[in-house]
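In the two complexes below, chain A is the common chain; its partner is chain B in one and chain C in the other.
For the complex of A and B:
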């Protein structure tokens, strides 16, 4: 069920969906690298990157609003970074009285803070549009083509295949615990130590079930002729038009980054 | 279920893209690649083909286990990150690979943690937690010996230390990137995670004693041997690793250390001869790292770096002493062999 929700947009028919996974992966990583290289206050480059990413999102017909809403995942981390508004030396802009100390926000601090926020926001959108339009197994195959060790590709494939199965089992365990633990609203039963112990036993149970499942999987694989190597069909050659698109995109990204450093 | 999977991730350890400078990201990619390559080599060497489905399913299991939470207080809940548990049950090399997969999938699939900064995230949550957690566990288990309490205490300590170490390194990476103010962030991260670490520790310890009670055969032979009293005496390398792990723990606590003068200094101050100790003669060797800070570096990092240098010196001294003592005892035993005949 969760897997269906997660892969809801993955079978779209747009040109972004059809683009070779290797090209998509390389372009996405290049965009994020370019964003992370930009110096503080390079608004023009950030604007250009955002425009490119939004154009891609719109072309993919996934839905800009959906991506923007999901791009909020990085927000909690801002709490850590907001401290630099007050710690970078510069012209004072405004002050926040906090009882015994008064924090002074500086222009340099604000500049750096908003640059980081924007960079991270664009980067999350890039990752979102990549995973929304590309099958995870295609991403893995692309990673394999880019020389990620075979064993890592195999492990990630297994992990993705069984993640939702085990998440289902974890949810069953939680539901069983809830059924057996009547408690008043807002008051857990037992001490914190006891609750932690029960949860630890759930983790242990899940671990054992996963262990036994992996043994069954191995036997089933042996029965089907597994020799220690995973094989897959539909490896497709890199289409020239995809290659051209990738090179063109990379060139634009490099130009945007250069502009920020030279301009 | 999707919301449960995602809620499991809200922890200030998955650094998003844009929060680390390019050089810090690159440095930790290199460190991570070295460690993961080493782990891949190590696993490939002992690999029978059974390991691939086992580790893959275990990676999924660790991720799913992060959904299993329990209410702590005031609407917050605790859950397990699993690095220490993976290292203890699967061994360090397999633990690194499994946790690397967990962190990578969380970033690729749930955008939890960035892509360019993934090297740092894998190092913090996959490499550091497994290596340190595994080392602390092995060391403590050997020290406490053959009581079932040993499993619980060692498991708790290993999990707590691994969470603290990951939090400290995350804070240091942010500080080194200029994205966070040193004192505030290091203190806040370690403060919050000293509590999160307790949850991690309790769950890890409970899970381990559950496994020992139900299926002791899934635990590595090294663990069950110690508990049943079949283990050989502690090896020298393990003592070294254990010592390093404890030193690393102390390093993490260094920034918390009081800036107030310690007892001896206080006495010297009161008696008025501390100026004598700060005379020109005393300044030359001790003055390099005066007051445990490295000159030219700010606050927390400086204290930790100074601590690191100190630890290295102490380790070198201790190692030298150990070699010396061993030679002497070897010489004595050589002498005693003929006389005993």
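For the complex of A and C:
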């Protein structure tokens, strides 16, 4: 159950799946950086970026519609950006009367708003296609190879490993509660305060279990020779074709960004 | 009474044989004051397969943890293959003793099977080629070759228990200490585990409640009760002694 919610990877045999995780990670980050650098109203560059991302999604055969649907989760965050429409000075386009204040939308504000919406939409899709075609542990390894501090990679890896265990434990606790939450006709349920207390106890129990587990894991690590220094195998050298793909992709991204500034 | 009967036989048997695990007057209390072990005396020969039985809270897990020195200082003396367990020898000891915890979710803490089985050899400071070779060998030993890139949460309990054993086999230990390896397994997974334990050449010290498995795998049994060795002798003699079994709440179902 928890696995279906948390697991983002979609198995496949495409060339995008096979691409080295380091190249994918660097290209994904570069795309997002390029998108965020684009000036307001650079529609041609945004169109080119979108086409590039969609081509990648189609090449990976995970399904464009699926990625677009997953990308909807980022929508609520755009509510924060709406204020830009009314706060940037420029030619008034329309007004929204809100009782005692009247908000005036400006052309410059709308321009910026739509640019930001498009940018974030593309960026979210990039992140989604990365996680859909790359195992999380491959991303971790790529982060390690790109010299993210080992302790951070280790923390992320523990988090990923035990998220599933913890989710299962939480589910068991919830089930145990539900099984004993019987109600007689006409009464039962308890007050909101009482229910809140039960939920609080559940969370507390979960925390204690996680805490105790962390101690057992630490002992298990000690038992296998851990002395405070994490070691990992050296990353394999990049395959020349992966390297070419990465350099080519980065070049295209830089050109798109330059076009927006110069064109 | 039973202690007196058991002691001379163990001393006698190990005069000429290589000693693998040796505990002398070992006592231990947890930091919260709970006394877990009282004056344990124990000698296990190289390659011997010994079952550790007794009720929950008898000190079985604590005893296993001490073989590896992970619980810190204790009273008395523990040595593995002639090497005393002290602060200075901990790294050696951990290469000698493979400790497998009851819950494979504690034992398997890495994102993939490969990473987990490689953890021990890597932290022993072995070169990469040997690490890879040891991982392949350990997984083959437990019948889990081909699962290298699998994630633990995608595997069954039986599979995870097998991989948990592989995580210490890759360190090529002289002694394997397993905590309730058959607990929670379905009959087929349990059968596979028994066959695996029978093929392992290492000295085995296994805590368990599964007396039928004890009959099949372990010629010698130690009964632990309230932190003391209550009985130590050949498995067939212990299981034939109905009064002894009843006294320690053991049932051969």
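We take it that the second predicted complex is superposed on the first by the 209 of 263 C-alpha atoms of A that agree within 3 Å, B and C clash if a C-alpha of one lies under 4 Å from a C-alpha of the other, contacts with A are read in each partner's own complex, and residues count from 1 in each chain.
Keep in mind that, in the parts below, a contact is a pair of C-beta atoms (placed from the backbone, for glycine too) under 8 Å apart; a residue touches a chain by one contact, two chains touch by 3 or more.
Everything numeric here is computed off the predicted structure, so don't read it as measured data.
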Which partner reaches more residues of chain A (counting touched residues only), chain B or chain C: B
Contacts of A:51 with chain B and chain C, given as first, second, both or neither: neither
Which superposed partner A:137 touches (first chain B, second chain C, both, neither): second
Partner chain(s) touched by A:149 [first = chain B, second = chain C, both, neither]: first
Partner chain in contact with A:223 - chain B first, chain C second, else both or neither: second
First (chain B), second (chain C), both or neither touched by A:213: both
First (chain B), second (chain C), both or neither touched by A:166: first
Contacts of A:247 with chain B and chain C, given as first, second, both or neither: neither
Chain B versus chain C as contact partner of A:37, first or second or both or neither: first
Contacts of A:200 with chain B and chain C, given as first, second, both or neither: first
Shared contact residues on chain A - chain B and chain C: 136, 157-158, 160-162, 164-165, 213, 217, 221, 226-227
Residue ranges of chain A in contact with chain C within the complex: 3, 135-137, 140, 157-158, 160-162, 164-165, 213, 216-217, 219-227, 231-234
Of chain C, residues touching chain A in the complex: 65, 68, 70, 91, 94-95, 97, 99, 101, 103, 105-112, 115, 118-120, 122-125, 128, 131-132, 149, 151-154, 167-168, 171
Chain B to chain A touching residues, read off their complex: 1-2, 4-6, 10, 12, 15-22, 25, 36-37, 40, 43-44, 47, 49-50, 52-61, 63-65, 67-73, 78-80, 85, 89, 97-98, 100-102, 104-105, 107-112, 114-117, 174, 178-181, 184-185, 188-189, 199, 202-211, 214-215, 218
Chain B-touching residues of chain A, taken from the complex the two chains share: 1-2, 5-6, 28-29, 32-33, 35-37, 70-71, 73-74, 76-77, 79-81, 83-84, 86-88, 112, 116-124, 127-128, 131, 136, 139, 149, 151-152, 154-171, 173-174, 188, 192-193, 195-208, 210-211, 213-215, 217-218, 221, 226-228, 230
